[in-house]
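So, here come the structures, one by one.
Presented sequentially are two complexes of subunit A, the first with subunit B as partner and the second with subunit C.
Entry: the complex of A and B
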């Protein structure tokens, strides 16, 4: 039995007058963490606004949990949205604002105060700030409050537009931890961000947009493989590099190599271009043990999300 | 599992937000200064026991000018200010129909206006008492009823104008000049029935003091059926509210579109 996608777009288009925001795109997004990547003007914000029911498609269809989000409380009950913009009602106190939004989200007035306090604790906003007007908050604190309002009604889909903006490194780590935890609890999380290395670490699934079109979607691993074909780039350090390269050539696994440590040390590093990554990983242990070679380090030099993004948007 | 609530809970949530935004020291200082200035001018210009002077303040300034303009400012901006401040997404992504959201905003802002004008009217009557104007006790209930209906109608119209265009204040003033002060004062045809002020006059004219001063006096208000006037104000409220709710349901509001309008 296949799991129904959380977000499904079919031939979705959106125009702003004569300007094309999204151009006939189709994709599925499932549970877990998905990164939404694209240069400015790629259509990320338009897509997010359609997903969160703030805009309607001009053509085609987008469904969230099988339903269209525009003016649909049944879907909006399942969606939490953290916008990119820094705008907040500055005169209101954090607690007052969140309590009002909690009640608007369907949480009983009697339960709202305790619930809001728990959410503020979860996003690690210090208690001393809870009764301060939002206008006095730093950018990092505002990000935390925006995240808190998105979590108020325990959404099954969380949509975050640049959630790391303005956060210090510890704050970023904390938000990443919360998002991973939510994903582990079954919440689908869609994150749009320009900080690609953070998305890379956070999101196994990626959707890349450019000029209003989906140019790639799927797991990072699959995208890497698609870009690289059937080869893999590795860096290794072993007890006998010369012998190891000879063994790999004989096994028809090596396309090329480069010595990265020219100090004359026998245990130098090698950059390898391996022909068949799957066969290489299957036979690596046997090759090492049969030839009495000790392996000290093995890591991938393959493309990062930044590389994938640059290649795809060229 | 969190305890959930229905629209009543959402109304409390919206009320909490509107109340917190409206009940600020700055707002109260503005209101107090406005009331103080108005009271001072009234005390200066009303002769002791002079009903006409007092009524001209209450009807000519307060009901004709202050009340519609305040409704226009408060309810016209209830959605528009959220769009301009880019905070509408926090409301629109709540699990509520868009028309429900609009009506909740309307109810909460009108609730605030009713409170403010209730206090304002009591202040006017207190000043009238200071100036020894007779018949205030008999007029007060009709004044409050008329004012309540007028606030509902003006606010519904203002909410609609706020959704139509960001320059809703200009449109509202043009409407006031053309329809209320223009068509509303045409006596020879029924076109004056379009005017909200016309029906406000009709309701107030049920009071003897108003009748003697404004209908039989120089103002030449027409005596008409008060039930029709009351129903007309309620009908106008419902019409403007339905139009606003429909517009907000079908139209997208984005801050980026504000400059292009």
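Entry: the complex of A and C
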């Protein structure tokens, strides 16, 4: 069995005149769900356009399934793209437009209608809307049609730019379920989104861009560990919070703390900022037993993608 | 880093080739154009016009057959044809290439490229269709989705070009072929087919050249803007500019301005392809008494044939070069505008 990354970038750059969109970035993306994160102007859209063959790199190389995607139908037939823009022709009916796109993807005219119906069912667009002009669709319905067109040709790589925009909570859950299912079937899914907590729940892999550079990539867990190399934010509940903070200070493990329970309860909660998480973890049991402190709760406050994103981009 | 098995194949079923995909774009373009309000009327008008021309050719064919009821009716009831009818009949027996071939050539010369032809209706059809060619894809931004599918920019443009060609086939080439076929099928003799074959060849050559040029121009204009109204206005502007330049340059020192008008260049091309002047020269040689009249001179003048000489080759070369340059400019516009970047 041979293995290869789905998307591979090597010293990739893209300029718009004198403005740098992407600055000499290198990364690999494999199968499964990968989240693309970055503030506005980070280069996410530029990267997505290069991946989907709509933009040519200024320098360096990006390959999808080992081939360059620019103006290359051989690669594009393996990619499904759901753009952020509202890119639907209002005068056409959903079913008619999707049938045309199915045929444009090489599906025979006889097979296209059934195929489109199955995809529309999959994205949960109610049948009553299938024959309506797209101009009459709500934003959520349009989002589903955009997703449907991306899935039409069973792509091996699905690139989604803000796919949750306009969807209600139920719709978001359905889209998440579909994406997880696709990933389980072997499709590589790259999702760009501003809704970080959704990416956190959905994407085990993350690529963070800022100022046209990759500032972090890999699994969320690995990124978490990397951040914990210097400091960690913890929430703790113990039998004697005041004593526990003093002990941590004496052991040179505490950078700061905050009482989260102001009721005066001796067993209140504490938000701790500890340095050297590894040493903290190694010495925690000894510190607790030596000082006769009972630990009721200990959890990390650094687990959200938001924290990773903020730390990486600050 | 996650890895994949590159031997994994997810797709099921056959996938059609690029020719099919281009055809899908062409078909969709034509369908979108035909769905336009008023387009059906234009198309019907083209075919009704072709039918009327066919009836005219039927009448002409009947003039060659003295045993036909139409011949008897025409020569008895229409004074002008009393002398013309037997003359045509005599000609048809003596020199069918001139009597039948030349008449058909002149007929198709007038009815394929003049203001009275289906070219005019085709230009109207193109004007209506332009917002639906590329403009609508740009304004809806659906071009982003099309360009992410397995078709290159060239394939997309070829598909769109195919759609325009289909539309022009329905409004221009098709009616012309139907007229020719109708005239011959209802002709009294099977020999009409080969006597009129040169006329068909000339018409096809001119119409197809015109279709390619106008198709490129229409696509170029359609890709210039994402506003349907602006696209239509540009098209009308291009047509009017052609007329104005042709008129300004005519007979003036700045005669070269005429070559900037695609109307003028198409007229030159048409004159060269049909070689009507050559026909008249031959007619004058064979039947000098017929061509000497004042009426005949005025007729020639109205057709733009002032001297008994064929269209100069260098004029045609300049016209073709100018048309190619205009087509090239349209292609360049397409290349610049129809790109996802």
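Assume the second predicted complex is superposed on the first by the 239 of 314 C-alpha atoms of A that agree within 3 Å, B and C clash if a C-alpha of one lies under 4 Å from a C-alpha of the other, contacts with A are read in each partner's own complex, and residues count from 1 in each chain.
Definition applied: a residue touches a chain if its C-beta (ideal position, glycine included) is under 8 Å from a C-beta of that chain, and two chains touch if they have at least 3 such contacts.
Just so it is clear, the model here is predicted, and its values are computed rather than measured.
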| item | value |
| --- | --- |
| Superposed partners subunit B and subunit C on subunit A - clash or fit | clash |
| Contacts of A:85 with subunit B and subunit C, given as first, second, both or neither | both |
| Partner chain(s) touched by A:56 [first = subunit B, second = subunit C, both, neither] | both |
| Touching partner for A:156 - first (subunit B), second (subunit C), both, neither | second |
| Per-residue contact with subunit A, leading partner among subunit C and subunit B | C |
| A:93 touches, of subunit B and subunit C: first, second, both or neither? | first |
| First (subunit B), second (subunit C), both or neither touched by A:30 | second |
| Which of subunit B and subunit C A:185 touches, first, second, both or neither | second |
| First (subunit B), second (subunit C), both or neither touched by A:111 | both |
| First, second, both or neither for A:169, with subunit B first and subunit C second | neither |
| Clash-bearing segment of subunit C relative to subunit B, given 63-71, 189-197 or 261-269 | 261-269 |
| Common ground on subunit A, meaning residues reached by subunit C in one complex and by subunit B in the other | 49, 52-56, 71, 73-74, 76-77, 79-81, 83, 85, 87-89, 91, 100-101, 103-108, 111, 149, 153-154 |
| Of all residues in subunit C, those that touch subunit A in their complex | 1-8, 10-18, 20-21, 24-25, 28, 136-137, 140-153, 155, 340-341 |
| Contacting residues of subunit B [partner subunit A, same complex] | 2-6, 9-10, 12-14, 16-17, 20-21, 24, 85-87, 89-98, 104, 249, 252, 254-255 |
| Touching residues (chain side subunit A, partner subunit B) in the complex | 49, 52-56, 71, 73-74, 76-77, 79-81, 83, 85, 87-89, 91-93, 96-97, 99-112, 115, 149, 153-154 |
| Of subunit A, residues touching subunit C in the complex | 1-6, 28-32, 34, 49, 52-56, 65-66, 71-74, 76-77, 79-81, 83, 85-91, 100-101, 103-108, 111, 146, 149, 153-156, 185-188, 205, 218 |
